[in-house]
Amino acid sequence: MRKRTLKRGLTAFWWLTLAFLYLPLAVVVLFSFNASNSAANFTDVSLRWYYRLLGNEEILSAFANSMVLAIVSSVVALVVGCLIGYGMYRHRHRKLGWLIVLIYLPIVLPDIVFGISEMAFFVQVHRLTGFLQPGLSTMIIAHVTFQIPFVALIVYSRFVGLDPTLFEAAKDLYATPIKRVVHFMLPTIKPALISAFFLSFTLSVDDFVISFFTAGPESATLPIYIWGAIKKGVSPEINAIATLMIGAVAVAAIVSLMFSRRRQA
Amino acid sequence: MSDTITAAVTDKTAPTPAARAAHDASTREASAIAMQGLHKRFGRDTVALAGVDLAIRAGEFFTLLGPSGCGKTTLLRILAGLEEADDGRLLIGGRDVTDVPPHRRSVNTVFQSYALFPHLSVRENLDFGLKMRGVAPAERKARVARIAEFIQLGDLVERRVDQLSGGQRQRIALARALVCEPDVLLLDEPLSALDAGLRSQLQVELLRVQKRLGMTFVFVTHDQDEAMVMSDRIAVLNGGLIQQVGPPREVYEHPVNAFVARFMGHDNLYPVTGRCGDRLTTPLGELTAEAAGSGALLLIRPETLDLLPGDGAGTNHLPARVVERLYRGSHAEYRLAVGESTLQATVNNRGRHLPEVGDRVTVTVAPEDLVTLSE
Amino acid sequence: MSYSGVIPTARSRAMVREARHLLFTVAPGATWIVIFLVLPSAYLMAVAFMTNGPYGLPEMPLSLESFRRLAGFGFLGWSPGNLYTLLRSLWQTLVSTGLVVLVAYPIAYYISTCRAKWRPIMLLLVVVPSWTNQVIRTFGWMNLLAPGTPLSSLAESLGLIAPNMGLYPSNFAVTLGLVYNFLPFMVLPLYAAFEKLDTAQVEAAQDLYASPLRAFWHAVFPQTLPGLLAGIVLVAIPAFGMYVIPELLGGGKGMMLGNLVANQFSGGANWPLGAAGAILMLIATFVGLFAMRRIGKRLGGGEEVVI
């Protein structure tokens, strides 16, 4: 009897929490279709804010910046992180405490400290040498820095899960060092590489603080543009871009759900 | 059936040195593997091999036998090239391969964990070594098909590795190594992960494969029964040193020292305290032995003993009392008290009377069945 | 030929090869992190001990001026503004972490009691909102809490806020935003703990202790403690350094340490002061991590708090 009440209470609490989690997103989506530009009253359904987006060059260039930043940084982080993940695995019997600390550093450092250290560093390097002018390149460097640990840890844990004699079997079956990489290691860790790439990509698109501090005047990404628009005064256009970004996440969520379903089957 | 794979081994078009060597009569006579003064240490203090000299003949089923930590696996890994010896030389097929990396040795291994590639199908696993060697695709296909038929994999070839049972994996690991037609096949306790029934079935299968192919097999095990069933010759290792090399019968019936005797399952070992011609003084009493050697330990194999009811007298007749009897159906195992000592005896069940616990019996042994060995 | 004399050659050859391999694989990433994170952080720490120059850039000589400023001592004597910001950061971290625990604990338990096939979907539902950009999520709350919205009107009619003020900007909005933002970070480790829960212990406890509350306290709670600690680390540390949420939802009176630091590098332009604030944040981070590790170890189970 008592158990049933508890279960019912928990079920109600669960739905309340879900409402809490999705309400802010739902409001953004709803008002993106609002005909008037009021943030409080929904008057009529219209797509006018979406048409406005298409004509806004600033938004389109911010979108392009976001994509370039996410793709380039993920690719670089994938290569560097994959190497470090393999190195950690291969030399796991050594004392590599310093390496572990180094790899966890970008993860534990508060975003804001991360961002301003990079900014201060880039500004000074640029003043002294002329290199590393704040812009897309400095943002890529900063993003790669926080993506490397995630890639390295994913690749490392995939290697740890393998039977170590597989490496010996590949040697034994006449694979030269290069062929071992091409025909054994890369195909074996392919799932880890794919998920590491997508995680890096998501982290990059999701990031605001670090991008904000390492960006230059020409390299605003979508979150930076939205931030600026909010600061200038709320415009209903933001609802429209935000809705598109929420839609992308929803698609990603459904895809990941289907993937996990298929793996179980 | 047997011809198909032999044809593969002696195939004239096969580009591998392995295939050429295999049908070369002169190399067949020579030793397939020669180890000279192999040493290996791990870290500072762990000695895995303390100087191993060993010659393995071509076409031989050779077993490295010993307890865990005796160095047998290290020796096998040095043969495969997966471990480098600190000192010494290793020749395979007359060629010095001491410094040759594993991917350039015509040697293949069947690993204890099978080590099948999880990202590949069974067929791709079988094909892996041939592909890495750069064998032409058409020939690869033919050889994979032949080996699949030979090992009787049937329709398993398109499966994924994680859909296979332990026994199936074991056979695919064997096929994957055989298809490369190496000079030497190394097997690292390949049957230890299987249950007893499957294990003895695969023992027979493995032996048949080896005899048909005439390939040199080096087999590692810690199980002396398995070693005796399979091997042409056995090397018993302990503490990184070879204790004895010989055919199973020789190692079992004439162990050279107490370690080998105990490892082969012998418990009836007694110090020889006095000696007068063929007469040996032991804790059991005076015993007459013929050509037993001059060792300080006397070995009495339990199956050479006979139990006679009651008291009896004569050469090598010892009065004893039954302490324990384990009835095994085909035979019975006895523990007997002879004076202060105990003696194990195995008696075949031929329908005659089997003495009971507490019975007084007379134990007899023929003088030619006694051997002595060193400590 | 002496055996021991020969070992070094073969072995040292292998050692050189291994060292080269280590260098080849680990060096690019390690060098990257050292150059682009360790060096910048070290520089930032050095900046905290420099003097503020004319354009907000650091200059020699070394001084502790920025720490004095952080404590509120300025040209016009002592003012409590910065200290308020610090205390507010601590208070917001404490309150929001506490609230997150209160919400996440029953949610994680509830998910673990549901049928196995629903659990991954339920977890996904909790996590998905955090995949959208933080700025967008916070913007959603701005929409919800603005003056004239149903929530604000409700609060107004209950007399909780002054007319036409809206629920944001306010400290309440910041707390709400923090709870919203960090809820998934607490649910995941707690759920992992509940899933591993040893039910035999719970049943034994129900036999031993008559009251369900005592059974919970003695059998369930200790088993979920590692997950709870991991969650607290995951929530409290980033909450203390939060920038976006107080900036958008807090307004001038909702500022936290993150905003104080950030402002010195953009608007306020006093790098040494900002760097001093960053050091404070770093200290809080590492003290937090260290404390959790210590407590986690003492609780035993060998369960290390992994981030």
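Note that the chains take the letters A, B and C in the order they are written out, and that residue 1 is the start of every chain.
As a working rule, a residue touches a chain if its C-beta (ideal position, glycine included) is under 8 Å from a C-beta of that chain, and two chains touch if they have at least 3 such contacts.
Please read all numbers here as calculations on a predicted model, not as lab measurements.
K.L.:
Chains shared as neighbours by subunit B and subunit C?
P.N.:
A
K.L.:
Select, from all pairs of chains, the pair with the highest number of C-beta pairs in contact.
P.N.:
Chains joined by the most C-beta contact pairs: A-C.
K.L.:
Compute the centre of every chain as the mean of its C-alpha atoms, then state which one is farthest from the centre of subunit C.
P.N.:
B
K.L.:
Which chain is most central here if centres come from C-alpha coordinates alone?
P.N.:
That would be A.
K.L.:
How many angstrom between the C-alpha centroids of subunit C and subunit B?
P.N.:
60
K.L.:
What whole-Å value do you get for the distance between subunit A and subunit C if each is reduced to the mean of its CA atoms?
P.N.:
17
K.L.:
Measuring from the mean C-alpha position of subunit A to the mean C-alpha position of subunit B, what distance in angstrom results?
P.N.:
That pair's centroid distance is 56 Å.
K.L.:
Counting only residues that touch at least two other chains, what does the list for subunit C look like?
P.N.:
none
K.L.:
Spell out the part of subunit A that touches subunit C in their complex, as residue ranges.
P.N.:
2, 7, 10-11, 13-14, 17-18, 20-25, 27-28, 31, 39-41, 80-81, 83-84, 86-88, 90-91, 94, 99, 102-114, 116-121, 124, 141-142, 144-145, 148, 152, 202, 205-206, 208-209, 213, 222-223, 226-227, 230, 234, 238-239, 242, 245-246, 249-250, 252-253, 256-257, 260
K.L.:
Across the complex, what residues on subunit B touch subunit A?
P.N.:
So the residues of subunit B touching subunit A come out as 80-82, 101-104, 107-109, 111-113, 115-120, 128-129, 131-133, 176-177, 180.
K.L.:
Once bound in the complex, which stretches of subunit A touch subunit B?
P.N.:
Within the complex, subunit A touches subunit B at residues 162-163, 165-166, 168-176, 179, 183-184, 187-188, 190.
K.L.:
Given the complex with subunit A, which residues does subunit C contribute to the contact?
P.N.:
18, 21-22, 24-26, 28-30, 32-34, 36-41, 43-44, 47, 103, 106-107, 109-111, 113, 120-122, 124-126, 128-129, 131-137, 139-144, 146-149, 180, 183, 212, 237-238, 240-241, 243-244, 248, 258, 261-262, 265, 271, 274-275, 278, 281-282, 285, 289, 307
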